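Sharing a structure with you now.
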Amino acid sequence: MVAPTAVPRGAATTMSEPLIEGIAGRNRRTMQQFLNVALNGLSQGAIYAAFALALVLIWRSTRIINFAQGSMGMFTTYIALALIESGRSYWVGFAVALLAGLLLGALVERLVIRRVEGGPELNAVIVTLGLFVALQALAAILFGATYRSFPAPFGLHGFDVGGVNIALTPFNLFAIGAVVVVMLALVALFRFTDVGLRMRASAFNQEVSRLLGVPVGRMLTLGWALAAMVGSLSGLLIAGGSLVFPAYMDAVIVYGFVAAVLGGLDSPVGAVVGGLVMGMTLSVVSGYLGSELVALAALAILVTVLLVRPRGLFSRTAVRQV
Amino acid sequence: MVSLVAGVRRRLPASTLGRNLLLVLAALVVVVLLLELTDPFRNSQLATMSYYAIAAAGLTVLTGLNGQISLGHGALMAVGAYAMGLLLNTGVVPFPLAMLAAAAVTAVVGVVVGAAAARLHGPYLAGATLALAIGVPGLAIHFDGVFGGEQGLQISSPRPPDWFADVIYFLFANEAGSAKYFAYIGWLTLLAVLLLLSNLVASRYGRVWRAIRDDEVAAELAGVPLGRLRVLAFVVSAACAGLAGAVLGIVVRLAAPSGFTIVLSLSLLTAVVVGGLGSLGGALLGSALLVFLPPAVTGLGMQAGLTGVQAAQLAPLAYGVVLVTVMLLAPGGAMGIARALWHARPRRRFAQQPANTHRMDEEPSTTDATEPGGRT
Amino acid sequence: MNKHIGRRDLLRAGGWGLAAATAGSLFGACGAGGRPGGSSEVGITGNTVKIGAHFPLTGVAAPGYSDIPTGTKAYFDYVNAHGGVNGRKIEYIFRDDAYNPSNTSQVVNELVLQDQVFAIVGGLGTAPHSAVLDFLNSEGVPDLFVSSGSLLWDQPKKNPYTFGWQPDYEVEGKIIGRYVHRNMPNARVGLFLQDDDFGDDGEKGARAYLGDQVVAAQRYVSGNTDVAPQIAALQAAGADLVLGFNVPSYTALSQLASLKLNYRPQWFYSNVGSDPALVGSLLSRFSKGEVSGASMLDGVITTEYLAGVEEADDPWVELWQQVWDAHGGEGELTNFRLYGMAEAYTFVQTLQAAGPDPTRDGLVAALEKVGAELQGPGLAPFRYSGDSHAGMAGVKVSRLAGNSTEKLSPVFVTDNGKAEITEYTGRNPGPPPNGIPSVEPVG
Amino acid sequence: MTETAALEVRDLTASYGPVTALDGVTIRAERGRITAVLGANGAGKTTLLRSVSGLVPTSSGQVLLGDRELTRASAETIARAGIAQVPEGRGVITELTVEENLRLGDLLGTARRRQRHRLEQVYALFPVLAERRRRDAHSLSGGERQMLVIGRALLCAPEVLLLDEPSLGLAPQIVAQIFGVLRELVDHDGMTVLLVEQNARSALSIADAGFVLNLGRVVAGDSAAVLAADDDLRHAYLGF
């Protein structure tokens, strides 16, 4: 028999731990666990927030929920991956993916969505679902259905502050920062610029907007293009330092949607807060109740919000039919 | 003249029932011929088609007739399949009773889901039911003691009884395997569902559901209890999904979370949309597509030189493309196209009626004004 | 979900002239449910034998598993190019079930009733394959080498046509548990489990020896890629050795989560999850030098039952590489493909054992008869007999070091339940020179 | 009626499917005048306005703004060319605030300071809007909404203002206030107004000229005084 050289690292110090540290040690670890789970939820939440922002943007510009958003973001992330794997820098891939998102959003609006806008709500929902399925299959054919790793531009180690682990990596901080910046930019766009105002007007009332000389068609295209760009960003942030495969955005579609509804589909700030709340709640559910209940928890949150406060936490719109 | 019309109207429900019964009898003959003239593999495909069609018929009542979308019907089928499995595995419940019970259990779930769904519209409803589809399978894993967890609940499907084999052999000189037996169970259930639903569609409920779909406000002003009728539509639809799940349980002999993913819900929606929203015939057609399209598309892909792995992706690709294309070019689906062709042929007068009807609502009085014949 | 399989290793002996020789087709009688023209020669012609399989080629389970049938096909093509088996070329049809049992039931119906395959070989996944277990056995279709380590495939009374292939998870769990208990008696063990029979059986096996050494057990559900909450819970429980019964992608995810949590236990992944080539290549691409490839997996302990692609100078791996270069399609040789090839190899052996005129029942009978003595790429022998349809009997424990492995234990073998664990002393003679087995027909 | 009209519609025909809504309609709106288009419900008045502003496609005929031909131009182009329409009833975007609604009127992207100045002018005209500028338009009363849409249309600085039933559902004193503002705009700023009204009596009281539509055709066109004095016309088509 081969000699067991394998005394686990750290085993020597931790073996007697129960005796020395006793209850205090266990309490400290319990606190640390909660901190870890919560902070992990924060970084997951940033991702849901990014996705929710994209949904909010399209909702504000066309009153459509884009169920294809996840597939679109996935697709542009694969474009970035192809560039990075061919030797370009992460940031080239990042920029190209965002631009590709912009273009893809505009194309999808022009070629597909334009024809169902203003029609029955159902038709738009079905069309975006169709796009969702088709794009995912197309990506699998073009890029393959295997796991690929997607690099991150920043580190993936958590911080250690005086013996307390802070379960956030530099890349997580980048993701959270990027989401906050995008949110502020969107708030500014909608609140302070004429373009933003026209986009909102076009969404609420196309006819009146046209009578006021607003180029409604262009506003809708712009709305979709911007939203798809934010969607691409969310795809990149989810992928960063993790695995991608054609269906990697599937869960995010649901969690991002719930986050957007939680915050109020009209509100960028709501989307971000909703995303963070979702991230932390789901992380806690996963860590303390079980990973199989995460989707169910999302359902419970959604139903509660829709029934108790259908306008969401942050929507300004007075009346909303849900 | 007026009284004659009214008389015809009064007799209509009765004749609908009669006509539907006749249709079902005819359909029965067709089904038997279909199952007896095809090989065991086609039999098994038809068995699969039957449960898709049962669920799609229920969904078409909900979505096509009442305008409520559901991306959660896969989860409702799961409820039916698990209920079926648990009942059959007791070994004492005969399968027809188990099927009814599975439908009833799912209908009860439908009351709960429907009550929540009745307050939601369009994208909100879509998102909520999507969350349902993704969340419910987690229950089967959480309570794995009862539901068998991830690897599923094996179901002891009924074996073809001797009399069945004897009858089939006596009438058609065919051997009766389990594929054939399951196909008969599925199709008889399907015919019963279609008969019930088509009567329901033609009934007062059907008309009110359509009214709600077309103009909710007007329906409410006319005193229709919107909420209750919406929930009712959901319950009917859920019962069908439960029944479909029960048939699936028998045919697949397993209920597992991986069998009820969002893909199933989206497939059902595809069937309903492609066949023609709101038409039971369309649901049937769409279900056929779900079963027969993937092998055909994959085969084409292989012939075109794709690898097996790539060709397999063509089926979902085709689903997606078909969904989008149908919505853009022929929102009425296959049945819509068929109907348009049918109407276009014999009577030219109506052929040029433009589809652009919603604009007329904006100045409805114009229509009256230009048709002064109304008074004479 | 239980989409896992395993791989690797070799070495081992045994004479291989053991195959007895008697006429094989005494078992002409048809199984249950006689079908029209239900002769047992379905799928066999004078120069072909047609077999089928179901795999997830689309959907969330496709990554990784969709590679397996490409490996299987490459090896069959290799055999066909060398004249086939008894002059028959092997036609291999694999169809997509998207890991959905309803689809599995459809495609297997298609394979059996439409394509008229002789046997199903290597169908993947516990849940999907459970859906066709009944059907295949009632139709009398040999259902060989299910790609899953579930215990379900070993029920020869109930399912006489179904055979497992890889070591089942319980056997592996037992060997791992005893190894840890003997060699690291003070380790505080945390279990990281896939939430299905893979995790459950593995846990059962491991706990049989570890008992109160286990301080926590955390489960993840396939599809939920955020495992940090689970890893944080193991950390909080004070586990200093984490034993993972998980698939390779979750090995990568658990490593990333532990980076984030600054958690550095000794890792011990069961065979399925420790694919160093795959996990290493996944991890190496993440960030600028911060995670340097397989080095992150340095020191990780695992088990082996096949040699993996990282052991490039292993004679079996050399053979697989040669096969893949000649008959593979796009892409590299991976451990998934290697797994597929190894299954294909065992099938060719079985077909040879069934003699020049194989029947379905003859195939099953031959496997029961000589299965336990088959010499192939597996490190441990199969447990096949009239009373057992269980796959390989054991694994060895080894440690990942750089791009290779370091042996920590001999091959141990055992059986389910209370069976003893013993050391296996046979030696693997390596592949035959032409890469094609030559098993004598059983008589 | 000698000089070029501010807005001229020649022989305009429009249909909804098989139904002809406008059948060769010709009207003129003189510069610096209020011109009323009258007729019963369903006569085609609203269709006429919507055709002029490009919301309803026309099958034949011409629309001229001064010398500029706008037939079949898009609604956006027509709005930018200087025709502002105040649609009936639904013209307020209730989800936006009062001020956001007004800002929408300033479509030429005027520099911020000038925008501010023009906004103040509108607020001066309708002081109640100034009080509610930060409120959602949803909270406004019917009269306030009408003021809002008129104010917004004014911010477009149009050559021609089209008004669809501005008095509908409003209390008489509010109607009087709104009409007063219109009169002032026409008299002092030389704006041209085309007013569609079912309430012929009150429309003719402020209009300079008028046209009467019936079943999509013009049945009369003259100065407001003449129309108001024609008893047959009043009885047959105007209902007062």
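For clarity, chains are labelled A, B, C and D in written order, and residue numbers in each chain start from 1.
In this text, contacts are C-beta pairs under 8 Å (C-beta built on N, C-alpha and C of every residue); 3 or more make two chains touch, one makes a residue touch a chain.
Here the structure is a predicted model, which is why all the values come from computation and not from measurement.
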Chain of greatest Cα-centre distance to chain A: D
Chain closest to the middle [Cα centroid of all protein chains]: A
Chain pair, B-C or A-C, that carries the greater number of C-beta contacts: A-C
Gap in Å, rounded to a whole number, between the CA centres of chain D and chain C: 79
Distance from the mean Cα position of chain C to that of chain B, given in whole angstrom: 40
Centroid distance [mean C-alpha coordinates] between chain C and chain A, Å: 37
Euclidean distance of C-alpha centroids - chain A vs chain B, Å: 34
Multi-partner residues of chain D (at least 2 other chains): none
Numbers and ranges of chain B residues touching at least 2 other chains: 138, 141, 309, 313, 315-316
Sites on chain A at which at least two other chains make contact: 137, 140, 145, 250-251, 290, 292, 294
Of chain B, residues touching chain A in the complex: 63, 67, 69, 71, 116, 119-124, 126-128, 130-132, 134-139, 141-142, 262, 266, 269-270, 273, 277, 306, 309-310, 313-317, 319-324, 327-328, 331
Residues of chain C that touch chain A when the two form their complex: 57-60, 62-64, 66-67, 182-184, 186-188, 195, 219-221, 223-230, 232-233, 235-238, 240-241, 248-249, 252-253, 256, 259-266, 278, 281-288, 290-291, 299, 301, 399, 407-410, 423
In the complex, chain A residues that touch chain B: 59, 64-65, 67, 112, 115-116, 119-127, 129-138, 140-141, 145, 250-251, 253-254, 257-258, 261, 290, 292-300, 302-303, 306-307, 310, 321-322
Residues of chain D defined as touching chain A within the complex: 53-55, 74-76, 79-80, 84-85, 87, 90-96, 100, 103-107, 109, 136, 138-139, 152, 156
Complex contact set, residues of chain A against chain C: 1-2, 4-11, 14-15, 17-18, 26, 29-30, 32-33, 36-37, 40, 44, 137, 140, 145-158, 160, 165, 167-169, 171-172, 241-243, 245, 247-248, 250-251, 282-284, 286-288, 290-292, 294
